[in-house]
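Take a look at these structures.
Each of the next two complexes has chain A plus one more chain, namely chain B in the first and chain C in the second.
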Partner chain A sequence: MRLFGRRKKRRACVVGLDGVPFGLLKRLAGEGVMPRTAALLRGGGLRQMRASLPPISSVSWSCFMTGANPGEHGIFGFTEVEPDTYRLRFPMFGDLAVPTLWDRLGEAGKRCAVINQPSTYPARRMPGALVSGFVALDLEKSVWPKEHLRPLEQMGYRIDVDTRAARENLDGLLDDLFATLETRRRAAAYFWERERWDYFQVVVTGTDRFQHFLWRAVEQADDPRHDRALGYYQAVDKFIGEMWDRFHQGAAADHEGEGFLMLSDHGFCELRQEVRLNAWLREQGYLDYETEEPKSVAEMAEGTRAFALDPGRIYLNVKGRFGKGCVEPEAAPALREELAARLTEWSHEGEPVVSHIFTREEAFHGPRTELGPDLVVLSRPGLDLKGTTRGKEVFADTHFQGMHTWDDAFVWSRLPVPDQPEISDLAAVIEEWLRA
Partner chain B sequence: MAKGFTLWFTGLSGAGKSTLAQRVRDILLERGLKVEVLDGDVVRQNLSKGLGFSKEDRDTNIRRIGFVCNLLTRNDVVAIAAAISPYRAIRDENRKLIGRFVEVYCKCDLDTLKERDPKGLYEKALKGEIKNFTGVSDPYEPPEHPEVMVDTAAEDVDTSVAKIIAALEEMNYIPAAAGGEYSADEEETIKRRLQDLGYI
Partner chain C sequence: MRGFHKRSFVKALSWRVLATVSTMTIVYVFTGQPLLSLGVGGAEVVVVKLLLYYGHERLWSWISWGKLRHPLSGLAVSRELDPEHLDEIHTRLEELGYL
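Moving on, here comes the complex of A and B:
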């Protein structure tokens, strides 16, 4: 027991691994691909974690950085529709309706350095420094304060890999992934030294990109890119080791590992086919379009009763809520039940398509719940639900190899986290540690 | 989270402080914030009635405005002060007192001010009919590091207002406008990136 001694200043360091599933992390650690991670796992602290609903980075990271539910923070996806016109819009950092963990820590006099946090674009003032992650467009608008822009430019900092080129050139993607991780590593080293911080966070988003395009390369030993794939996770592991070593150099924690956290924002699994929810809604008679090849739900025809946005968000076209709304509000509960029943019965090649259906009230809570979808649908592993309006076929082949999953994200922490954690639980854990 | 802050406009007479203060006030009210404006000319009719334009009286006037701004700020009100506030030390004293303090320097060159001169004050001051006139016969110490600088001789009112609002958003003093959107080009780029990842 420490008596009359001066307590060490508490710090926290979070390493985010976008999309890395609990099972894969455990396996790669166990097989020796990720030895530094394996050493951490041996001491305990790894838990399977639930991502947000829907399990997509914009929502899940918003839950992480606020500790709030989408019904509170107001981010339900990468896309929303304008209620009057159904025109797609893309939520920005400014749409986040509640303060972030960093804002709250700032009020307690703490400083934060946050690198590559998705859904924080354009960057804004915070107590410390921020570099926005996906969907950040322009580095200049991604950096707060601006004094860090030039050093980041000089180190060749990359916001993200080139996912357009990736489709045609998977080897090029691998090169890009390694190079981008390297700039992330340099940025972490720079901010570690340069910023005065109590909370440090860096997110590796390359893992998600990797798994979208190259899931089979890491899963299957006979894949031609298997060795390079494992090499990427080795590089990620090395980076984790560097962050761990830095964190412990200053003896920041009373006990080893306290205040150091790792997490992913959702899980991943192999993708076999895309499932186009809007094509299914059309097939079932709930949705129609004014045009033959609709580019978005804005081209829906009068009389449409339901439409979907990515990844499994179904909205009833209710009068008063949407411009072309035709479902009477009092008829909406019955329609929702009918849809849920049909989704439950829906099968493909003898197996159910849908694994979970959540009503808006089950999925969300808080003052912005009414803005959320009426249903959130999760699919069986292998079938990736899409909100596209392209194509009349419900099931389609795709060049993507991996898809998001909901209940096998992970968290590693020696601070106490709930037994069955959800991503929105972690902000409170960190805040409690730093404020104690 | 604390919502109050003080937006302090400083600059020579006629530089546009009151105009900008009113325009910014209207925008902040639209965004649901509680706002009060303390305009130097108005304050001298009541709170600072009887004070003259000696350095001592000017300092007292600015300290009084700072005192009220501090009360408002700590009660979650946005206090907007629009006063010449010529002396740096007193402005900095207020900054220290209030904490959540955003200084807006309304820069404008003397030639433009003489040209504008809506109240004929510069003409009188230059003829010596008004004593202790800031910028003519009394000093003005511009801020060294204002949070926002607007050059009202070179930019129109809308540009200056947009600059102030953008700075307040960037500094997280006010939420981004509900209608804050990407440009059409930015939207296209985002759409393409989301398509590249199979999200839309």
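Moving on, here comes the complex of A and C:
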């Protein structure tokens, strides 16, 4: 029983590793590439985790930071179409329809420092400090409060790597990845000291970029960049170790591991070919365009019954929902079933293309469910579903080496995380820990 | 902000009444002279201290340090992006194969 003094103030520290799959983390820890991570895993607490549907960063991180489903928070992808014109729009932080974890913690008088959180651009006022992550463009609009802008500029803070150059110059991308991780490390050290916080979070997005462009470099020992690839994960491991050490330093440190959490927002696997869903819908007679080389679904022809947005979101062109809608609402359920049946039968080189199909009601719940796609489709590993309108070929080669996966994200924590967690479960676990 | 000015003024007035009455009471208890007690109360220059308190209150209202801000006060803020920013986002998503 405690007679004198106050109970130690609880804190939480979250390290996000964008796109790092459960299997890869375990393997790199086991093979000695990530020794600090290996030490954490030895004590238990690592779980395979399901990402959001669709498994894409904007949706998955929105689920993490709100604890809500897309049907509640309203973010279904990096892109949406305007219902009247089908013009693409990009949901931003202001489109998130529910409060974030740190908004709620603020209500309880807690302060948060959040660095490089994807899908929080432009940054807005919050109880603590925020640096927006991808798709942040301008550092000035990515920082709250503004007093932190100058120090970040002075340390050469980088929001992201330059993916423009990456395609032609993979060695340059590796240099950029190391340099960007270093500025992330400096920013974490800066906010750790400068901010008064109860909740601290930093996300490494370089891991996702790395795997999109260089997946084979880490997977294949004979790849010419294999050693440097492992070096990158060693640097990430060192960063994890630094965060762990900082969290356990000083009188205010929590008990070993309590309040420290690591996660990825989706998994990854090798990509062999990209699969253009809109080309398949066109081939099957559900979609047509007004132009020969359509730049977006806005150029679809009258009579189009279904179209796709990245990565595997299929929308029925229902009358009343979309400007050129031609499917009668009462005919929509049958059309959806027909499409799902064809997708299930769809094969390529003797193997099925699709691994999972979810209807809107299966994938989402909440007041914004109606805004979601009619079907969410996941593909077999190696075949990356795309929502592009370019090209008539359904299957195409690509310079990308890695693709997102749904059910092999990871979470490591000694807090009571569910045995088969989903990314939207974690906010409640953290909140409960900090509010207790 | 008008509401805050009014609050500061009424707060200053109520505190001045309380403080001056207590000063006069103390003087009366120590001296037993009601006129002297009233004189000291008057000598507090009620109006001057009232204004000083009001000014002091307003000055502190500009200092954000130590204030609790409602955490959801910024939730509705949604800034429109410029067209060139939209193009830039389009390009970035395309570079990562998201379009």
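In this text, the second predicted complex is superposed on the first by the 427 of 436 C-alpha atoms of A that agree within 3 Å, B and C clash if a C-alpha of one lies under 4 Å from a C-alpha of the other, contacts with A are read in each partner's own complex, and residues count from 1 in each chain.
Heads up, the rule we're going with is that a residue touches a chain if its C-beta (ideal position, glycine included) is under 8 Å from a C-beta of that chain, and two chains touch if they have at least 3 such contacts.
Predicted model, so just to flag it, every value in this text is computed and none were measured.
Steric overlap between chain B and chain C is present once the structures are superposed on chain A.
Using the contact criterion defined above for the overlaid structures, shared-chain residue A:G109 touches chain C, although it does not reach chain B. Looking at the shared chain after the overlay, A:M92 reaches both chain B and chain C. Contacts of A:D176 after superposition on the shared chain: neither chain B nor chain C is touched. After superposition on chain A, the stretch of chain B that runs into chain C among 23-31, 59-67 or 131-139 is 59-67. Overlaid on A, the two complexes show chain B and chain C touching the same residues of chain A, namely 56, 78-79, 88, 90, 92-95, 99, 103-104, 107, 124-126, 134-135, 137, 163-164, 166-167, 209, 212, 274, 310-311, 384, 386-388, 398, 400. Taken in their complex, chain B has these residues touching chain A: 1-2, 169-172, 175-177, 180-182, 186-187, 189-194, 196-200.
Per the touch definition, chain A reaches chain B in the complex via residues 56, 78-79, 88-90, 92-95, 99, 103-104, 107, 124-126, 134-135, 137, 144, 160, 163-164, 166-167, 209, 212, 274, 310-311, 384, 386-388, 398, 400.
The touching residues of chain A, counted against chain C in their complex, run 56, 78-79, 88, 90, 92-95, 99, 102-107, 109, 122, 124-127, 134-135, 137-138, 141, 163-164, 166-167, 209, 212, 274, 310-311, 384, 386-388, 398, 400.
Taken in their complex, chain C has these residues touching chain A: 68-69, 71-75, 77-79, 81, 85-86, 88-93, 95-99.
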